[in-house]
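Next come two complexes built around subunit A: one with subunit B, the other with subunit C.
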Partner chain A sequence: MIATARYEMAMMLRKRSMWITNAVIVLLLVLLNVSGWGDALRDPDARNTVASTVFLMNLMLPVGYGSLLADRLIRDSRLGVAPILDATPASPTGRLAGKYLGTCAAAAVPLAVILFGFAAVYSVTAGRPVALAWAALAYAVVVLPAVLFVGAFALTVPLVMPAPLFRVLFVGYWFWGNGISPAVMPTTTQSVLSPAGVYSNQELVGLRDFTLAGPVPGATLNFLRPEATPATAWLSVGVLLAVAALALGVAQTLRTRTTR
Partner chain B sequence: MRIEISGLTKVYKGKGRALDDLDLVVPTGMFGLLGANGAGKTTLMRILAGLLRPTAGTVRVGEHDGTARAGRLAVQQILGYLPQDLGVYPDLTAREFLDYIALLKGIDDRAARRRRVGELLEVVALTGDADRRLRGYSGGMRRRVGIAQALLADPRLLIVDEPTAGLDPEERIRFRTLLSQLAGQRTVLLSTHIVDDVAQTCRELAVLASGRLVFRGTVGDLTRQADGRVWTVVTAGPAPTTGTVVSALPHDDGMRYRVVGDSPPAFDASPAAPNLEDGYLALAQKA
Partner chain C sequence: MRPLPLWRHEARRAGWTALLTPPLAVAAPILIAFVDAGANASDHEIAQNLFGALEMGVPLAAGIGAASLVGRDPAAELLLTTPAGYRTILLRRLAVTVGWTALVALLLAVPMIATGWWAKWPANHGALPGQLIWLAPTLGLAALGFLAGAAFRGPAAAGGLVAIFWIFQQMFADRVQEQGWSRQLYLFATTRGAVPADWTANRITLIAVSIVLGALAWLLLGRTERLIQGVTE
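Now for the complex of A and B:
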């Protein structure tokens, strides 16, 4: 598992498109609100500034890395490497876990660069070095669960449909399930199932600019939107990780079936 | 290490039988496997490598039951496998790729792994290119990386499927020699279309056709299948239509044809001494 994780991470980090995609999304986020960023860098509320930044990051960047991770599992067969790997005594489950952790770790690197880069600049401009600590917390409880959730589906779903189709459906899902208001249509937005991480961002990091987690009056699927508390925030993290584990279990089953 | 295959059948859903009640014993040493495309060679290799499960039948590799999960794992620990459609990760260098496969094969000691990878890069003449990404490698160079990965864990069973495809003549000869040298106390199963590779390296071989065993014996036995059935004829006219033309070489008086068939292809045809390729063709004609 460790060997696979190590080499999968190295290969993903060498993928130029990963860096370009993240850079383009970040550039768009900056250009869409240039003056707003100027204000943010002087905002004395370090906790809320970091939380708001993470909210924006987690709303937009998963579209990029989710699409990039879509070929990681299926490419072993496409490249013709799968027979060599499958003929080794290494456990297929360990290799799958290694591939998952390695690719997710690689996807998380640019996110760390962006978040800690912002926090570092903010620390200097606002004179609030505590932002780095809030960034570390936000990275752990908001960014990483999203990466692990998206990574699991990006590895699994292309086993049953072409990767380009997955990418299209994934982008559609992402904005339906994380962006669209629950008042407009049934959606998982603002629920514990939303990998955008609104519960953990609001309750654990301290997002205060807007309240997103919790029941929405008149919305369907409100059973997925319990009152926002630190406990439900941790529940949300747990649910996302459990669903990710379930998706990986399906991936392993699908791969085992192809050996028959 | 002896391989005993009994009643081995593999049925692919919607594609029919790739192997049909195959019985075969492969002794220690170098063993050739010949057959046309679709004969079932690759399916047999994939079953032996633990990549496919047979529909019926048994496979014993040494003391291991190759059809049981534990047995497959035990076989994979002593296996070197070079698949027909070999792929590599383009983002890794040859050295990294081999290091990765070595880790998967359980060579955990870093120094031993580095030493082994270095030795094998030398063996396949890739030391100078070892730190270049595989993306830029030619087909022949990738094949050599494939050969190196198969030899990583000093395997007692080596299964090589079309190993010399894509290699230039010099590389082909070098690799054939290497396989023969490795054979000693190991079992090397060589599947190929290139009859000459078998002729130069194997004493014993089997021929598959439509998933069945149609021949098992020595190279000499197979060659003798063409006794009295090989002819040469020189003509300026059209190519012979009886028998199978093995070769056509320009000649002062037209073309010189070598033909395998039951009867002479022309009244002035001369009998010729058969070689392994003639024997293989004669067998195919009989089948």
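Now for the complex of A and C:
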């Protein structure tokens, strides 16, 4: 499993396109709000500044790495190496876990560069080095659960449908499930099931610019939006990881059936 | 004019994925429109969803479809030796992808015009010029996807770039429309446009940009040695 993870990670990290795609998003975010970023770099509230930055990152970047990871599991079959890998002593479960962890780790590296890069610059401009600690917490409880959630589906769903179709549906899901206001239509936005991580960002990191987690008056699916507390924030992280594990279990079942 | 069998072959080769993607991309907003209709929503809200299917769903399907054309041929070297040329083949596939998406758009737009739903959205721009509602962003995103596919030599990152561009304009609609230059590149100027007077300029800009991006992709695909190297896995 570790060997597979290391190989998958190294392979992904060498993909220039992954770095370019992430750079494009950052460039778009910066270009459209240059003065806003200038103000953010001088804001004395380190906790809220880091939380707001992570909120933006987690709203946008998963679409990019979700699309990038969509061909990782089906690639072995496409290249015709799946039967050879099946013949090796490495167990299929270990290889799947290794592929999953390796690709997710690689997707998480540019996110770390962006977040800690911002936190480092902010630490200097605002004179608040504590931002690096908040960034570490935000990375662990907001960014990583999203990577693991999106990564699990990006590996699993293309086993039952072609990757381009998955990408279209995934983008549509992301907008519906994380962008559309719950007041407009039934959606998982602002719920414990939202990989944008509003519960953990608000309750554990300290997002204060806007209140997103918690019940929305008049909205449907409010049972997925309990009162925002640190406990429900951890519940949200747990739910996201559990759903990701479930998706991976489905992937394993599907692959076992195909191998037979 | 190319013989019909070539086009027929490309349409068949595209497979059921390419066939299903555009209808599925427009199905969600149409479904929401039906649910809205059942829940006594206003005609304005229902029409917005139907126009959303045209202006948001159709371009996304075309963009990701166009991004998936380069880097999937197991024998690209052989195709590079054909008299037609590989980039002509890719251009034909792009035409099939965009053409089918356009047909799906028309299959939605024509009944909307016939039933009067087209007129229920204030910014419909008439039956004929109004087709730019879906055509301009479709050409824009398809050209971006095709260029990204040519640049990255694979569908994963190219599809990701199209997805990012689309979701960025959805999530930061206000921000994108605050500045003149980005407002001209806004994909959803009909259904979420902030400055109605800019609509025509926005549509023309999107089409002009699509021509430039398409030309760049054509030039890039001419460097055949890049295609033989394959995508960095």
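Structure notes:
Please note the rule applied: the second predicted complex is superposed on the first by the 260 of 260 C-alpha atoms of A that agree within 3 Å, B and C clash if a C-alpha of one lies under 4 Å from a C-alpha of the other, contacts with A are read in each partner's own complex, and residues count from 1 in each chain.
Keep in mind that, in the parts below, a contact is a pair of C-beta atoms (placed from the backbone, for glycine too) under 8 Å apart; a residue touches a chain by one contact, two chains touch by 3 or more.
The structure displayed is predicted, hence computed values, not measured ones.
In the superposition on chain A, contact of A:Lys15 is made with both subunit B and subunit C. In the superposition on chain A, A:Arg95 contacts subunit B only, with no contact to subunit C. Counting the residues of subunit A touched by each of subunit B and subunit C gives the higher count for C.
Judged by the touch definition given at the top, the superposed model places A:Ile84 against subunit B, while subunit C stays out of reach.
By the document's definition of touching, neither partner reaches A:Trp37: not subunit B, not subunit C. Of the two partner chains placed around the shared chain by superposition, subunit C is the only one that A:Ser67 touches, whereas subunit B remains out of contact.
Touch criterion met: A:Arg167 reaches subunit C, while subunit B stays clear of it.
After overlaying the two complexes on the shared chain, residue contacts for A:Tyr7 are found with subunit B alone; subunit C is out of touch.
Shared contact residues on subunit A (touching subunit B in one structure, subunit C in the other): 11, 14-15. Here subunit B touches subunit A in the complex through residues 46, 49-53, 73, 76-77, 79, 81, 83, 85-92, 96, 100-101, 103-106, 146, 149, going by the rule given at the top.
Partner subunit B is touched in their complex by these residues of subunit A: 3-4, 7, 10-11, 14-15, 79-90, 95, 259-260.
Listed in rising order, the residues of subunit A touching subunit C in the complex are 11, 14-18, 20-21, 24-25, 28, 32-33, 59-60, 63-71, 75, 161-165, 167-172, 174-176, 179, 185. Residues of subunit C that touch subunit A in their complex: 15, 17-18, 20-21, 24-25, 28, 32, 35, 57, 60-61, 64-65, 67-68, 152, 154-161, 163-164, 166-168, 170-172, 175-176, 178-179, 182, 232-233.
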